[in-house]
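Sharing a structure, written as structure tokens. Questions coming.
Chain IDs A, B, C, D and E follow the sequence of writing; residue 1 opens each chain.
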Amino acid sequence: MGSDIVEISINAAKALAIFLMMVQIVPMLVWVERRGSAFIQNRFGPNRIGPLGLMQLIADAVKFLFKEEFLPDKKRRLLFLAAPIIALIPGAVAFGAIPLSVPIHVEIFEFLGQSWGPYRFAFQSVELGIGIVFVLGISSLAAYSILLAGWSSSNKYSLFGALRASAQMISYELALGLSLVGILLIYNSFDFAEIIAQQQGSLAFQFLGKDIVWSFLPNWGIFYQPLGFVLFFVAVFAEANRLPFDLPEAESELVAGYHTEYGGFKMNMFYIGEYGHMLVSSALLVTFYFGGYNIPFVTPDQVLAGVESFLGLSSTGSSVATAFLLHGVFLVKVLIFLWVFIWVRWTLPRFRYDQLMDLGWKTMLPWALANTILTAIIVFIFRTQWV
Amino acid sequence: MEAAIVFYGLSFFMTVLSLGVLFNPNPIMSALYLVLTMIGVSLVFFMLDAGFLAGVQLIVYAGAVLVLFVMVIMLFDLKREVYTFSRGFFTRLLKVFTGVVFLIILVKSFFLVPETKELLNSSTQMTTKNLAGLLFTEYIFVFELLGLLLLAVAIGAVALSRIKGGTHAE
Amino acid sequence: MLSSELLHIGLNHYLGLSAVIFVIGMLTVLLRRNLIVMLMGVELMLNAVNITFVAFSSFNQNMNGQVMVFFVMAIAAAEAAVGLALAVTIFKHYKEIDISAFEQLKS
Amino acid sequence: MNDSFLFAVLLLAPIFGFLFNGLRFKNKNYKLAGAVASVAIGVSFICSVVLVIKLVAMPEASRAIHVHFYNWIEVAGFNANAAFVVDQISAIMILVITGVGLLIHIFSIGYMSHDDRPSKYFAYLNLFIFNMLLLVLGDNLLIMFVGWEGVGLCSYLLIGFWFTDQEKAAAGMKAFIVNRIGDAGFLLGIFFLYVQFSTIEFSSLNTLATDLAASGPLGWSHPLVLACICLFVGACGKSAQIPLYVWLPDAMAGPTPVSALIHAATMVTAGVYMIVRLSFVYMAAPQVMTIIAVVGGLTAFFAATIGMTQWDIKKILAYSTVSQLGYMFLGVGVGAFMPAMFHLMTHAFFKALMFLGSGSVIHAMGEEQDIRKMGALKKAMPITSATFTLGWLAIIGVPGFSGFFSKDEILWFTYASTQGSKWLWVVGVLGAGMTAFYMTRLMCLVFWGKSRVPEGTHPHESPASMTFPLIVLGVLSVVGGWIGIPHVISAILPGHPPNILGHWLEPALATANLITTSAVVEWSLMGISVSVVAISGYFAYTAYIVKTDIPEKCVKAFPRLHGLVLNKYLIDELYFGRIINPLIDISKGLWVYVDVNFVDKLTYIASDFVKSIGRLFGSLQNGNLQQYAMYIAIGVVVMLSFILMG
Amino acid sequence: MNLLSVITFLPILFALVVWFLPNEKHVRPVSLGLSIVHFFVSIVLLVKFDISSAGLQFVEQTPWVQSAGISYFLGVDGISIWLVILTTFLTPITILGGWTSIQKKTRGFHVSIFVLATTMIGTFLAMDAILFYVFFEASLIPMYFIIGIWGGKNKIYAATKFFIYTMLGSVFMLLSIITLMVLAEGQLGQMSSSLLDFYKLDLNFLPGQFLSTQTLLFFGFALAFAIKVPLFPFHTWLPDAHVQAPTPGSVILAGVMLKMGTYGLLRFCLPLFPEATAEWGWIFLALGVVGIIYGALVAMVQPDMKKLVAYSSVSHMGYVVMGLFTLNAHGLTGSIFQMLSHGISTGALFLLVGMIYERTHSREIKEYGGLAVVAPIFSIFFIIVTLSSIAVPMTNGFVGEYLILMGTFMVNKAYAILAVTGVVLGACYMLWMVKKVFFGPPGKLIKDFQGKNLDLNKTEVMTLLPVVVLIFWMGLFPGHFIKYTKASVDHMINAKQGYYLKIEGRQKKVATIKYKSTRVTR
């Protein structure tokens, strides 16, 4: 967390900010979802409260607060309450590990009569060398919230819903993990920052000893791993229980799946968890396949230089400015994918459970394996120096 | 200095959790305590600079194995147990006594080994790359074998669980 | 009063921790009547062993320890799977998972 | 004809008779069977006569014909070979055996005329003769023992001849077992002698014994003394002396000629013959001699008392035999070997006569043996009663008859010999008196007196084949006495007939040294005994002929004594009560408690112990998984602690 | 050519022949013929046997288990010659005995008889301790089957008891053999289990001390043989085994198997451990005497004929053991002779009891009575055999017992006197039985058989004739039999220290064992 008080406080503030950012996105997404779905279904959506229905968010929040609390009997109450919290935690922790922008470098400056040394603040709440593995690990914990919710609400349907959901999550986690292996092979590192660093500039790769540069394409992961991207994209949907895969809490059959018994704020927490997970997924998508916070064809250093020359700020100021600029770029990419999530939800019909499982085990998994092997072969052929 | 605090905190935390696993009459709760202990273990790995292992631990243990446990417990809908411990006061006493004696022996035996040198943090060799290197060169045979084992277990588990009969009391 | 030796975390501390966890795991196996909790006890013991492996590998700068952890994990997963499958079959037959239920299995 | 051929014929003729009759035992033709048997014995009688003639021809000193067929048992130094000898003693014996045997065979042809198994009977009889010859001719103790047991066996077979009757079979068994007890003693005697002299030939035994005796008196624990005692026990068993006489009265269950042959003439005298044969050995153990004398005297007196009260004719004769044998042992006991042999011979004649006589009486009376239902048979059976009276005169010792000479000689030796004693002489004389009493009682009740024969039976004289042997025996019992007239009597008789028998036996026997007394003392003693005999004879005559109420008065006078004596001093009951029944109880106890409960239970205990151990370990495997886990844990802990400790 | 192996393993060949006979009806006559052939083969052995030499004859020695020095070592000498002949003589009689009594599974029965014959002959001929042990144990199996399958009511109990009893004893023997083999390795440089090497061993002996090696080994062997004999405390298996065994089973069990015990004592205990025998021999003398009297007394009150005869054989075997431990020529010759004569007379007794059981199906003595009237020939044979068994002179029983008693007398007068009472008691119980069964008025059973002829048929008379002939032959001419054992017995008596059997006749070259320590003559 850093050596002195300044660093610690800024890091803490940074972590809190990122957590709040994730939490705040959820109501916005809800709004976007309702408006989007309405737009897709050619209807207006919430537009009564406040301009374009923006105030609807506040209304929903208030509604959730004042809803009546249903609690099971004493024996299962603890788990009943724990479930929504657990749903929240993985999303938040995973999001914290994803680098939202270029790290900020602060030179030595004088403040309150003490010279504070040069700082380097990573634009993420916790900087881990093993980014991917950590995120995967944390996301796998999500299953517990669903299980506990389903079980502690002690009715058959929610139990079944929970079992189905966790089974689905576990099986797609497999596909998720495997599809990432391609990325690892290409970028040779677990660290997000490094992966993003390798996606700067335009597409350049070696092919049979010669370096080929296609300047018309940005050096993004998607071009290296098109199949990997598709698999990851679908797996992420499953992980987040988003529509094509939201069978567990599908209203028509299992009423509301595992959170039938939940109302009020606890339900809200589940939403936060769900959308949080969506946010993390799209952030991962962006990081791995769309160059993260890189502006296409432009490396962050060029951006830094540009800002310094254009705004004429001091080095810390300019690094802060570039960081926030690139963060904006990153957010735009993430929002695009969030829209895609919502867009998909309201267009594709729901899978049947066996189709779901078949897709997961019989198509996704083999393709993922194929992709991994293919990538491994190509990497091997290209990387080794044929003397 | 703070490493010590973290370590002692973590180990205390983990001990309490494992005791929870042992003493909690409700299997679901003991399963959850176990999940937390696993997370504790992954933290320990993390403290010992085995980052990749910490992640794998989370994915494998916390993510999959224990989910299996929880699912099975739920499947059986096990309530709070009336008799949590085995019959026979003296055998229980004997078991606990054996456990304690075993602990004492272990701890005594640790001090027989001369103190190893300082923990070198993030030295060059300890990267996941070397781990993978070793795994796929020296231990390749065992690795393949494990693959086979897991295949066999998968088939076995499926075969076993297909046996007719309901899971809930008719 | 905190003696320096206690503060400075050495290999023995980790071994101590793993020993404690191992014994608790063992006691779970020995004491609990519920088969699944026994399996959890086994998991605990395996994890304690993992801690020792990792501790030795990191203190001795030797990657073999970590490789072993890998294998232990694989085997633990396999063991849990089979154990639970068995538990399922037993539960189906005896309608209870208490270990005394299938004492009749003796010859 | 050389000796071995003679011996072979002598011995094998009876065997041939036995085999011939034995194989045709179902055949009812008693004439053929009887003839063959008698011829066989006749042949052996002729052989023995020839042998005796050859013996007489031999010089005085070494009068013995040895024959050795093959060595029977020959193990490391001990060799009992099938060798036979005829010397002065055995000459008399074979003559008596074959002679009297022949007469009895002839008699029993008639007797066995209406029996359903005559050939079996004659086969046994021949076998008996063969065994008796073995006993007598045996050169060593072992061959004698073979004959000894063989004779016992034949008496068992013959006593139990009519085995369908339970008592007869029991009597046979009893006889054999009592004999067997005697034989056990005989065996021990042989061992003692072999251990002492490492040889069992009579000749060598006698010579070695005399040398030993020369070297001074022998203590009680000396093997020779013990041997003599054991041999005497054997003799008692065979010759029915005090402790082991119980089988003889019961032996009367057999056919009467059998009793005549076995229980009068031959078998019972075997004991006396054995002691006479080993006279020098016995002389070397004077203390044993005195025991023999005492036992002999007691038996004589004691059997005579029982004889007086018996009502069965054969029982009376049986007890008289026991008492006469008592006399013989008395004689041998005091060292009167020659008179004992002489009495043995004369007794054989008149006792066989009397038994055959009683046989023909019983035959005539239709198997009736109770003298109370007889009387005045003199008229009905003249020859039998005539010969019987000759026998009677001989047995009570009327001077001139054979009994007198032999019994008197014994009494004289009892008195005169250093071994004997006055008291024994008194017992002897009293015995003689009682003999006179019960024999005259017999004569009165059977032959003279009033006839008490029940209507159904009308006695008639037996056919010639039965009366001829009676007549011959009658003559013999008279003439028999004359060949051994004692020296003192012959002195006063015209022509001083020499004591032929005495001279004949003298070289082969040891003789007791008599105290020097004048002839007057001898004469007076003889006078006393004759007078005692006369008085008791007259008294019996009056009691049973003249005034027949005397016996009842006597009985009323001493009712308890009479009761006691009537049922034979309860000796049999004593034996059963004290020896046989406790023995059976002990063995039952042994079988039930020791065998079944004790030893078997030990095996059960062992097997139960093993089973319980099995169960103990079994309990470890009770299916409780956790317990198995605990054992593993304990095991690990223990091992580790050892490693740490060690 | 190797005669002994032929004699030993011929019955196995016969067993095979009988097993594969097509027609069940032929099994009995064929096996009878074969056993008679076997008897004549053994007569050849008797004829070619050299009486004068005390050493081993017809020796066959080929290494069997090289490493442990165990060799297939067969040899016959004065001690064992007669027992082999007895076995071959009794086998046809056993088969004849089983002519009518064995109805079911006759094929199996005859096979087990032949196998039993092999094992018994093997035991008598084996001169190698392990080979001896193998045969000694193997003989239990067929006997177990014979009692177990064809036996009486609780045959299983009797068979198992018999088996386990003997097995328990022979375990100690095996222990002793092994110790001897190890000692042989120590002293002779190379492990070997042949008896001749054992004789060379020098076993240390502490007088009066029970725990010295020689005494322990002695008792190891002696216990196994005492159970087999059976000696007094270990005899409880015999009556059960006999009562439950079928007639032929009893004949062969009493006839030969009991002799294996006494033969063992003679072959192993006496020569191998001379000092121990001298020191502890008195125990066996005492047990022998006790056995005699105890056997006789208990026999007296037995209600069952077969049990009575069983106890009588306990008493007779008591004589044999007593004779063995007198350690003088008379005793030993007497006991060998008694072994032979007891085999014949008790075998015949069991046959006779079996025959009458065949007809009246009852062995209770009190149910009988007056049999002689109904079955004269049977009673004649019975009485002859009874005479032989109560040792009346001129029969075989007398010679044996006389010599034993004399031998015992020389050693210890008290025992002799007690043993002589055994002679009397013997007469008591046998004649008591004869009286009860044969004489007296017709008993319950006989009344039922009024009509039928109870007497013996042709085959039964043929079975008994050779026995009666042998009884009188042995009684009248014992010399013919004793002369065979004379040399061996003398050798055993005077060569007590340093007892060794030299091997007679043409001797195949066998790896001679280097002879390190000469035996210390004491």
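Following the convention adopted for this analysis, a contact is a pair of C-beta atoms (placed from the backbone, for glycine too) under 8 Å apart; a residue touches a chain by one contact, two chains touch by 3 or more.
Quick caveat: nothing in here was measured; it's all calculated off a predicted structure.
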{"item": "Intersection of the contact lists for subunit B and subunit C", "value": "D"}
{"item": "Identity of the most central chain, Cα criterion", "value": "E"}
{"item": "Interface with the most contact pairs, given as the two chains involved", "value": "B-C"}
{"item": "Maximum centroid distance from subunit B, chain identifier (CA atoms)", "value": "D"}
{"item": "Farthest chain relative to subunit E (centres taken as mean CA coordinates)", "value": "A"}
{"item": "Gap in Å, rounded to a whole number, between the CA centres of subunit D and subunit A", "value": "133"}
{"item": "Distance between the centres, which are taken as Cα means, of subunit C and subunit A, whole angstrom", "value": "34"}
{"item": "For subunit C paired with subunit E, centre-to-centre distance based on mean C-alpha positions, whole Å", "value": "69"}
{"item": "Distance between the centres, which are taken as Cα means, of subunit E and subunit D, whole angstrom", "value": "38"}
{"item": "Residues of subunit A whose C-beta touches two or more other chains", "value": "none"}
{"item": "Interface hub residues of subunit E, defined as touching at least two other chains", "value": "none"}
{"item": "Contacts with two or more other chains, residues of subunit B listed in rising order", "value": "56-57, 64, 75, 86, 95, 98-99, 102"}
{"item": "Contact pairs between chains, per stated definition", "value": "A-B, B-C, B-D, C-D, D-E"}
{"item": "Subunit C partner contacts - residues on subunit B that touch it in the complex", "value": "1, 3-4, 7, 11, 14-15, 18-19, 21-22, 27, 30-31, 34, 37-38, 41, 44-45, 48-50, 53, 56-57, 60-61, 64-66, 68-69, 72-73, 75-76, 78, 81, 83-87, 92, 95-96, 98-100, 102-103, 106-107, 110-111, 115-117, 119-120, 123, 125-126, 130-131, 134-135, 138-139, 142, 146, 149-150, 153-154, 156-158, 160-161, 163-167, 169"}
{"item": "Residues of subunit A that touch subunit B when the two form their complex", "value": "75, 79, 128-130, 132-134, 136-138, 140-141, 143-144, 147-148, 150-151, 159, 162-163, 166-167, 170, 173, 177, 190"}
{"item": "Residue ranges of subunit D in contact with subunit C within the complex", "value": "621-626, 629-630, 633"}
{"item": "Interface residues, subunit B side, partner subunit D - complex", "value": "86, 91, 94-95, 98-99, 101-102, 105, 108-109"}
{"item": "Contact set on subunit C toward subunit B in their complex", "value": "6-17, 19-28, 30-34, 36-37, 39-41, 43-44, 47, 50-51, 54-55, 57-61, 63-64, 66-67, 69-71, 73-78, 80-82, 84-89, 91-93, 95, 97-100"}
